[in-house]
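Both complexes below contain subunit A, partnered by subunit B and then by subunit C.
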Partner chain A sequence: MIGRIALVAFASVVVLFYLPFLALGYYITGGGELKMPSFSMVATTFLLAALTAVVSIAVAYPAAYYLAKRGSELEFALLTAPLWVGTLLKAYSLLVLFAIVERYTGVVLWGTAAGVLAGMVYEYLPYALLTLYAAIEKLSESPVNAARVLGASRLQAFLRVELPLTMPGVAAAFILVFLFAMGEVIMPAVLGAWKVYTFGSYVWDLYFKARDIFSGSVMSLILAALSLLATYIVVRTIRSISI
Partner chain B sequence: MRPLRLYTWALIVALYVPIGLIVLLSFNNSKLPYVWGGFTLRWYEALFRWEQAWQAILNSVIIALAVSFTATFLGIFMAYILRKDKYLAVSQVAMVMPEVSEALAFAAALWLVKTYAGIDLFGPVGVFLAHLAYTLPMAHVLLTPYVAYVSRSVVEAARILGASELKAMFSVVMPILMPAFVATFLIVFANSFDTYIKTAFTTSPGFVTAPILLWNYAARGRGDPTIYALATFMLIPSLVAAAIYFRAVKRYS
Partner chain C sequence: MGLSVELRDVAVKYGDFLALKNVNLHVEAGEGLVLLGPSGSGKSTLLRAIAGLTPVASGRVYIGGRDVTDLPPDKRKISMLFQDLALFPHLNVFENVAFGLRLRNLPEEEVRRRVVWALELVRLDPAQFMSRRVHQLSGGQQQRVALARALVVEPEVLLLDEPFSHIDLDIKNRLLEELKILHNKLGFTLIYVTHDRFEAVEIGDKVALMKAGEIMQVGKPVELYKRPKNRFVAEFFGEANILPASLLGAERNGYAVVRPEDVVIGNNPTYKFRGQVIDITFLWHYLKVEVQSNGHVFKAYVDLETPISVGDVVEFGFDAKDVYFVEE
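For the complex of A and B:
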């Protein structure tokens, strides 16, 4: 009986989540004129996503290192709690912050790539942090101790022993954040004021403005395939860490 | 470690400044975000009188309640029975799928249903199903680690004493998993309450939820103190969820 309930639930995951992708296939076979995204838009998306990943990792790494070594539960909870706040709320609160910053410093962030970058880093920082934390926590102390005994300074031991050992975690965090950032819609729309145009916004506009389901389906399938590939790589890297 | 600790706390402060600002500004007696005009509750009064906002919040709460209850309840069965990696992988893949692709696929499926079966699901039903589609895998993945705390002997003892499978599930497994159930319920609730993209793709113009209302202002870059009050209201489920989540999960460590 309980096995049957579980199977029904599992079947609804497949029907509700995976079956709709077949509907995309249906619209693709229906044919139409494929509206390719412009090169500059794809380039902007890639660059923004890569930069978001690099900046989030750079900002999150020291905190993840501290958390894994000495962090308290409170610090961990405070750093990961923003995960539960919705993207739109974060975007809106940054919008207000940008208005205040502009007023006092004259630095314009709204409608610029820098503003969108700040928003995406704000959103994806907890993800980078959690992935890095998982990688750093798994490190054993002995390689560092060995390096220290052999005369390495603390900094040398970190740079030449610990950092290379956490590189798989860094790679996993990079791919994860890069992937999420590639499909991002809300931050570019709210903080970029539709001036910073990305792949996610393009898919959005194809459906809501151009009403072109055919091109939209092709684009979302490409995005979904990319994400599957990236997930596969992440899972592979994470598994290699534990071995 | 000392500088690292300072750095970590600086980061924590930075993470909460934008959210804190919205809350602060919702009590600001001035229409300009950079002028502090004293404490006031008038934006909340305006929000209380704004019927559309109430309707939107109510819609969001109803959808989120229905979604989180269904997803978590079914999620426990999935987590308890389908523990193997291959089942889990199906749910994990669903969790990392880009939101736009997923939402567009769902909208396309709803269009097909509308065209061929003549059933128009856009609106509350579509939103509910779209939310369920991504929260079910989420509940499955989130609950699975905690199933290990239900030891086999307890369940077997209940079965030997005459409990049916279902009875053992409800009176033995579920109570042990209660804190995890509550934690997952809250995460799913906060998530469903806040989701904008999937709602936008599957709703009808007549069914407005709180994030959709917020978007109508945010996408145009409008700052209005009543919207700050609305945003503050929308923060409540997330903050409550985060606070209770860490307490509930702690019981297992």
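For the complex of A and C:
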């Protein structure tokens, strides 16, 4: 049953979205030469997306843990506040922040991978937070207590019991943020100033600058396939080490 | 083996609610004590205070004569069985049992030897169960794994929080039997929480009966049964006829407690009543007869073959030696 629903969801995306563009592109350009991305671009995209997911989770986990254990509603609302602001607006406000940072510390963020990473983490942190919160919140206290009376310190109980038990939540957060970040266009464009060139930016350029809709749609298909593959590998790996 | 446990004026608060009111309790090393009481009486809280899982608002906790009030649970030389078992779902049976040993950084060989020892102790075949996931086990098997996990660290004090409340009666009885044998064999101090008085007398040398955050009475089961300190103890620890003392013509306040097995039908006892039988229940070893008289319902346990039926008007009563008076 679930398999069929998954298939319908997947097929509808392909049929309604990818195939029309592919056909349209082919019709307009009459085929032509495919403009393949460079390896370094693919690598940058993967690395940025993976780093964004890892950093987001690393930052969100303690916050989600705190919220789940003894956070107030206000703190919850404030931590998810970035969701209220549009991506473009966030990108441009960060530019201002980057300028201030550069003015006072000399650290250049605009046009660097670090800057793009900061932007993407800021953008996707709330998603990681909400996903992790759901996983940690439903954790019962008794396995931790059991670990404590068996001789585990607070930290050992966390590392050996709570963390493994919340791994499904970590996996979910990773997939969510990673997939968003793989297709990210705005943050690399604005904060990376086209110097940090990602797959998303490339597809954007193919569509809107080169007007090569055929290459653009083939590239977005490839991007989707790569993301799918990466997700599959991540889920398998995490499943094999947790429950 | 085994360490004594002592509580002096221990109070526990949950917000404004006083869950334990200055409790004093002494458990001898190696003794088996049952904390008995209705739900909400504070027995689990008391256990958690001993374990260090609930902070005490005032008073001191001693284990083996050492003040452990400010020590975390992992420094108290205790082990605990939880009501919901709290097995680690992400680990297999072996790793569940080995958990406490791994924390002590024992060599792998030693860990293995002791896990096998503990599994055999609770009668689980190590070869068959070691690599199973805990959710693949039956309720009774999970209980055994939890017990093995608690025993493998060779605790001085074993705390049990209604561990067998969710399993079949037959398996429960067998586990209680085995727990008792292990207690005798290994010599740890055992503190067992339950709301079931039948379970309580199975396992405990002594029983502490609790109500509303206080210990009402501590003693051997027979003491609580024959000489209850108050009406609550008399009612909770076994069935009882509780009558105003004045009904027996006694010149005192309080109540008279008479156990149903001391109430006789016919005969010629000291205190005589006359009433109508309103209910008869077959209870395996005896009949429980309820008789209405003087505005009270008297309970009497009589021989199975007693010729009696509902609606009969009978003479009944009890002897003065079987009456025990309580103040409140």
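To be clear about the criterion, the second predicted complex is superposed on the first by the 191 of 243 C-alpha atoms of A that agree within 3 Å, B and C clash if a C-alpha of one lies under 4 Å from a C-alpha of the other, contacts with A are read in each partner's own complex, and residues count from 1 in each chain.
The criterion applied here is as follows: contacts are C-beta pairs under 8 Å (C-beta built on N, C-alpha and C of every residue); 3 or more make two chains touch, one makes a residue touch a chain.
Quantities reported herein were computed from a predicted structural model and do not represent experimental measurements.
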item: Subunit B versus subunit C as contact partner of A:140, first or second or both or neither; value: second
item: Residues of subunit A touched, compared between subunit B and subunit C (which is higher); value: B
item: Which of subunit B and subunit C A:165 touches, first, second, both or neither; value: second
item: Contacts of A:6 with subunit B and subunit C, given as first, second, both or neither; value: first
item: Partner chain in contact with A:221 - subunit B first, subunit C second, else both or neither; value: first
item: Partner chain(s) touched by A:148 [first = subunit B, second = subunit C, both, neither]; value: second
item: Partner chain in contact with A:156 - subunit B first, subunit C second, else both or neither; value: second
item: Contacts on subunit A seen with subunit B and repeated with subunit C across the two complexes; value: none
item: Complex interface listing, subunit A residues touching subunit C; value: 140, 142-143, 145-154, 156, 160-161, 164-165, 167, 242-243
item: Contact footprint of subunit A on subunit C as seen in their complex; value: 51-53, 72-74, 76, 78-80, 82, 84, 86-90, 99-100, 103-104, 149-150, 153, 159
item: Sites on subunit A touched by subunit B in the complex; value: 1-3, 5-10, 12-14, 16-24, 26-27, 59, 62-63, 65-67, 69-71, 73, 75, 77-79, 81-97, 99-100, 103-104, 110, 122, 125, 176, 179-180, 182-183, 185-186, 189-190, 193, 200, 203-204, 207-208, 213, 216-217, 220-221, 223-224, 227-228, 231
item: List of subunit B residues in touch with subunit A within their complex; value: 1, 4-5, 7-9, 11-12, 15-19, 21-22, 25, 33-34, 74-75, 77-78, 80-82, 87, 90-94, 96-102, 104-109, 111-112, 129, 132-134, 136-137, 140, 164-166, 169, 187, 190-191, 193-197, 200-201, 211, 214-215, 217-219, 221, 223, 227-228, 231, 234-235, 238-239, 241-242, 245-246, 250
